[in-house]
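Shared between the two complexes below is subunit A, which has subunit B as its partner in the first and subunit C in the second.
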Partner chain A sequence: MLNPSGTLNVAVIVKLEPDFSEGNVSYNSDGTLNRAETKNVLGPHSAVASSAALYAKVKYGANVSVATMGPPIAEAALQQSQLICNADELHLYSDRIFAGADTLATSEVLRAGIKKMANEQGIDIVFSGHRASDGETGQTGPQTAWKLGYPFIGNVIDYDIDKERGYVRLQRLIKNYGHNDIIEELESPLPVFITLDPSYSPFFNTVSQRLNLALNQNDAEKRSSRYKEYLKTFSAQSLELNLKSVGLPGSPTIVYKVEKIPRAKANRKADIIDGYSQENLSQVARRIYGILGETIIK
Partner chain B sequence: MTSAVSETKTNANNIQGILVNDTENENRKRTAEEKEKEEENNNRHLYVVIEQEEGKILPASFEMLGEGRRLMDNFNSKYNPKENVVAIILGHNIKHLCQELIYHGADAVICADHPELRYPRNLLYTKIISQIATDKSSAAQISSSNNTFNKPRYMFFSADDTGRHLSSTVLAELESGLASDINKLVINDLEIRHEHKTKGKPISYKKTLEMYRPDFSGFLWTTILCLDNLNPENKKEFYPQACSIIPGVFPQIERDTNRNGKVIDFTPTILQEDLKVKIIGRRTIKNKVDFNNKKAIVSFGRGIKENAEQNIKLIENFAKEIEAEIGISLPISKKPYIINENLSSTYMIPDRVIGTSGRKVNPLVYFAVGISGAVQHIAGMKEAEFVISINPDAEAPIIDESDIFIKGKIEEVLPLLIKEIKKYKEKMQIPQEVK
Partner chain C sequence: MEKFDVAIIGGGSAGLAALKQLSNLGKQAILIEGGKKIGTKNVSGGLLYSKNTTIGKVYNVEDVYDNFLTDAPVERQITKYMLHATSKDKMFSLDLTPTHNYQTNFGYSVLLNKLLPWFAKEALNSAEKTGGGIVTGIHVRSIMWKDENTIIIETDELEPFQVKAVIAADGVNSEVAQITGARRKFTQSDLYQGVKVVVKLPEEIIEERFEITNNEGAAHLFAGDVTLNHIGGGFLYTNKDTLSVGAVYHYDSLIEKPTEPYELVNALLSNPFVIELIKDEVPETKENYKNLSKEEELRTRFKANKLIKDWKELHHTYYSPSGVKELLANGKYKTKEEIKNKVDSIHDELVSKYDIEFESNYVELEYSAKLVPDGKRCRMKKPYFKNILFIGDAAGRGIFVGPRIEGLNVGIDDAVRAAEAVSNAIDKNSFHSNILGERYRRLVEESPYTKDMDEIDKNYLKVFLDCTKQVPNDIVDYRYRAIFKLMSNSTFRGISVGLVNKLGYRRLLPILESNKTYTEVPIKIAERKGKDVQKSYSIRIPAIAERIAKLNYNDDSLSHIKVLDSQSDFMKKMVTLCPTKCYSMENGRVILQHEGCIECGTCLKETEWRHPRGEKGIAYQYG
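The block that comes next holds the complex of A and B.
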């Protein structure tokens, strides 16, 4: 069944991440990311999760709350997410004690935050991104789901809600690297925890949905320009967290060392060719032809 | 992953050689006690979670067994008592696969065979893998040791979608540490000094799994450890030390039918509640990007950036000229350039990524255009028959994987090269037409 309020309640978990777009990202001369010089934005996968919440809002009139864990600057991610999904509430989980958390300790904070929402208003779906573009573990979503006791369903490319029955029907994409991919269709009672496949994009197929979309987008712009009115900040105490299960104390793992990956032994001995010489390139063309032969010349 | 900076020192090979003052001596005594405690713990063996699709074991699972075998052979030559490589396999009608796992390096296989387990479903699989990982009676059949069994010492999963999700939820259930996307593993005794784990005091951690993970840039290697909290204010044991392993990085060991091992049937406890997520349908789809049926692949990387749109168009033309499929390096899939939407959604997509987080390819000719050659990318293309790189920087690591290295800027080299190929084609076509 849907939560008792009768309105579909959706939570989105997002993350502030380095902006990898050209002009904003900065790399050190050795190829590593220059974090000090790189701007931060709502992560691309978090943006996809936000667009899944927008779909719930447009199609099912959902109530949407966006949450993140991070220092005060992580507000920026909440604001950018609100601009996408026209969120009704923004929740920032921020406390010095959360610093240095690994995925298990992070998911403990997110569990407490979502649980609080569930206790107050009921939660039917939690959305989060495929993985962060900096940490790239993809673990925090499923770990939060497990701690909440919600079924975890990953790589979702499409979903629809049956509000009467309180069920969700989904399609997910399973990548079988090297083999053909699989599309799996599933059904689950609510609540569920969903991570979206990077290829997810909401599709609004009726006129009323498109009208509703325009209204929401209009609203979202207004709201996100005054996002602080929608923002609530929670500390470890207000989330009733055990301080031993968050931050450094709650993290089973540590980063032991960081080193440059040593350059591998050369596997091939390259002929170095001056690329501005037509004659040289003519020779290269001949060699390409020699290998590919009839494939390219029919 | 933690961003904590830990103050650590590699191993205690020469602990005796270090001069210590009295308080440190005290610490050492305590360390010795800790060590004994550690020796007594009941966490044993390496458990490897196998994946199979319709009765076929995925190659990454054999690779994990290969690496597990190597690690535990070293472990057993260094430590006592001996510990084992234990494969966990779930599915339906899969009994015949167990022997294969032993031929590929497992000492024992724990098998849960049940109609409901035909396809992986996160909720159900997590419950059953966790049941197996804490099952004392299966563990008792693995080794004759009298000690009771608590949890696995180490645990491996594959870093594909299914394995990544399962590793996360299983470790949330077992409440221990997990590192993802690992490509190097070492077991070592380490002396650790950490602000929280050891409250700043040096403590020796035995049999610790060092888990190496390349970061997103491909240039940094981060070593993750899963360590017990030995801080007197917050003691906690963390087992298993677990990780997900990048498919394709570790070699399988040769299949050997003389290898023996135990196969243990595990009868799972399945509650109605565990079955609430239902699979309604499953269908295979063809990949839109098909690298397997092309003799040539042209890949591009961040080197296109000075004129991204124009360069992508050049690459598109070039690929068309030689009938190649187009690949990209991982950073490009993050859409770092604002270009024509059509080009962006055609080319700057995860499906085209070549490397450890994408596809592995072996075309007759591989072109690396503006690709510097991060390890993850090289892992995806090193099996190519012939490699031609275009890059202005002859210091770029890709040179070590190239047969021909064309030094120059993409926007200047490619138009010339396309022209030369066209000339060649014309030259070769005319006589054919005459025939």
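The block that comes next holds the complex of A and C.
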């Protein structure tokens, strides 16, 4: 069954991450990330999760809430997510006590946040990214699902909702019998917790969906430029959390050493060629032709 | 299957006007556009007119968009309209401003990629109220009839959907016309081929050079040796901070003596008068970093390129009042003087440290091409097929009368008429051709523009002849001399124009539109009466490969063009006539490389020609 409100309610969990895209990362001399210099943006997997919520909004008229845990600057992630999915509400779980949380403590905060939403308005689907680009654990999503007691389905590449029955039909990528990328089709009752495969991208294939998409994108631009109006901030107290299970006290993980990854040995030799000169370029072309020329089918 | 009232195919100026107008009438319409964004597939020479005719009402752009005059991103209002006859370094100029002003409210120069998104925004605002809208990146593949009142549209990207009526606004190469067989393919004598380059030039330099103020604009037309012996001519229009320079030639004449389209525009660009108009200061790298180490050399080059970019931006901004205002408002500079000093200091640094020389040349931004239908030869007499109405270029409705070339305003006028017919049919819930198609045909017949395509307007002719009074009579051929004499007397003019219109204006075309009128006579005039024009530098025109490299494409691995007969004479001529050199010869056969195609349709006649799939193909930035 769908939640009692009759509207599909969707939550998206996102994360503010360092911008690892080309040319934007800054490192300290010891090879660690220079957090002060590197800009923070909505994580790429969070963006994928947001686009799954956009699909729900366009296709099923869903009500979308985006949530994140972090310091006040994490608002930026909420704003960028809103620009993608035209979110109706933005929830920031922010409290000094949350600092130093590992994945388990983070999941506890997210559980409380989602539970609060579920109690107030009902929740049908929770989306989150595959993993974070700075943590790379992929644990937070499944742990939150487990804490909530929702079915967890990962690596999802497409979904459709049967509103009448309150079921979701999904396709996900799995590995089986030594084959990669097998598409498994399954069905789950709502509410459900879904993490998206990085390859997911929503496709809108009817005229009304496209019209709706344009409306939503238009709206999203307007909304995200005034995102503060949609923002609600929650503290540990307002989420009724046990202070021992969040932040540093709630984190059993202890990182005692981080090793530098050794530079991979390359077995190719690169020649740097100045692309400004026409002559050099034709040399490159000649070399490529020398190597590939014989394989060209005439 | 999803159902809508009306589908408009094609999001150009005509299609968008139809959407806006239908929505204003409270009807639900969806507009399907192939480009990823509105405006990326559109090219125009660049003038949008608003007319005030005495023989009937035309629907102008400001009738459709009531905030057009205050809000639309147009370039400049044309206040000067000149015709130049050229021969080498001689030029004779005629002021044709009265013909430009003839029954005209205004004529703006426009760049479609700026203007159409604004039209789209306005149209969408209205369309959303009636459950309609704009869908981009969609290519219509087929059109079928379920019954008289129901059309099923299939696209490459979406599930099929059904509508009650279609307005086809998919341009001169209308695929809707092809797949439904509503009209024959246009032939070479129906069409003109236009090639245009957009040239960058700072705002205040344009105003100084063309002797215009901030709100004014100039249009220059060219005939004579710049035509390279073809029927047609060149144009140069001032935009806000760019120029549109182009060449429009009759396709017949190009087929007869194939000439590369870019050579025609190059001939105009290298005319000594034009050279001086487009001149700007351009940094040229001498590349003398060879004494440096490899890495140092790359680093220096990188720095130099960055400085060049900074200089270009600031140099351009310095001459734009709004740009200067913005820079001052940002607080980065305190006075205009300070900006000038910065421009000069970068200039000096480039010269002294990086071995850059500043030369006189011009800056080309975009190369484009399009076919233009000549309405007097090819307008659809029956501009509908069942419940599909054709508007604008798709219906072959362009006006070519001497120096007068109009298309955008005609399309908008058609759109209003089509919207009215469709709206009426929806109200009556009948889409039979008596209700819809015939009604639209009658409305179009009433349009003063249709009259302009069929007949000579004797009042316009008088204004034109008055402008050409300085032309010595004996220069023109005896045949024309008689006509001139006849025409200069108002009673004779009335009678003879009446007679010509009775007999059919088309019969006169071989005399009116000939090498004599476009090339020989102008050359003679220029040589006899022209002033000397000196050029102050030699221009470097980018090769066609450089021009293509600057364009934006979203490559489609699937070719949208299929050559039918690779050995036909026509296809062999395409090797020369394709504006982007998509065709080449190999072993006596014509082969196609579609990747550089800019979808002009020059090769359409003997190919299986489709528009690329949604979002694919060329994406213009200026248009």
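Keep in mind that, in the parts below, the second predicted complex is superposed on the first by the 248 of 298 C-alpha atoms of A that agree within 3 Å, B and C clash if a C-alpha of one lies under 4 Å from a C-alpha of the other, contacts with A are read in each partner's own complex, and residues count from 1 in each chain.
Convention: contacts are C-beta pairs under 8 Å (C-beta built on N, C-alpha and C of every residue); 3 or more make two chains touch, one makes a residue touch a chain.
All values derive from a computational prediction rather than experimental measurement.
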Subunit A residues touched by each partner, larger count belonging to subunit B or subunit C: B
Subunit B versus subunit C as contact partner of A:Gly100, first or second or both or neither: first
Partner chain(s) touched by A:Asn155 [first = subunit B, second = subunit C, both, neither]: first
First, second, both or neither for A:Ser208, with subunit B first and subunit C second: second
Subunit B versus subunit C as contact partner of A:Gln80, first or second or both or neither: neither
Subunit B versus subunit C as contact partner of A:Tyr276, first or second or both or neither: both
Touching partner for A:Asn40 - first (subunit B), second (subunit C), both, neither: neither
Intersection of the subunit A residues that touch subunit B with those that touch subunit C: 272, 274, 276
Subunit B residues within the subunit A interface of the complex: 1-6, 8, 53, 119, 122-123, 126, 160-162, 164-165, 167-169, 171-173, 175-181, 190, 192, 194-197, 210, 214-227, 229, 231, 234, 236, 238, 247, 276-287, 295-296, 305, 308, 321-323, 331, 334-338, 349-350, 358-360, 364-365, 372, 374-375, 378, 382, 385-390, 394, 397, 399-409, 412-413, 416-417, 420-421, 423-425, 428-429, 432
Residues of subunit A defined as touching subunit B within the complex: 20-22, 25, 27, 30-33, 44, 99-104, 107, 133-143, 145-147, 151-155, 169, 174-189, 198-199, 244, 248-249, 251-261, 263-268, 270-276, 278, 280-282, 284-289, 291-292, 295-297
Sites on subunit C touched by subunit A in the complex: 2, 4, 30, 124, 128, 132-135, 138, 157-159, 161, 287, 294, 297-298, 301
List of subunit A residues in touch with subunit C within their complex: 205-208, 210-211, 214-215, 272, 274, 276
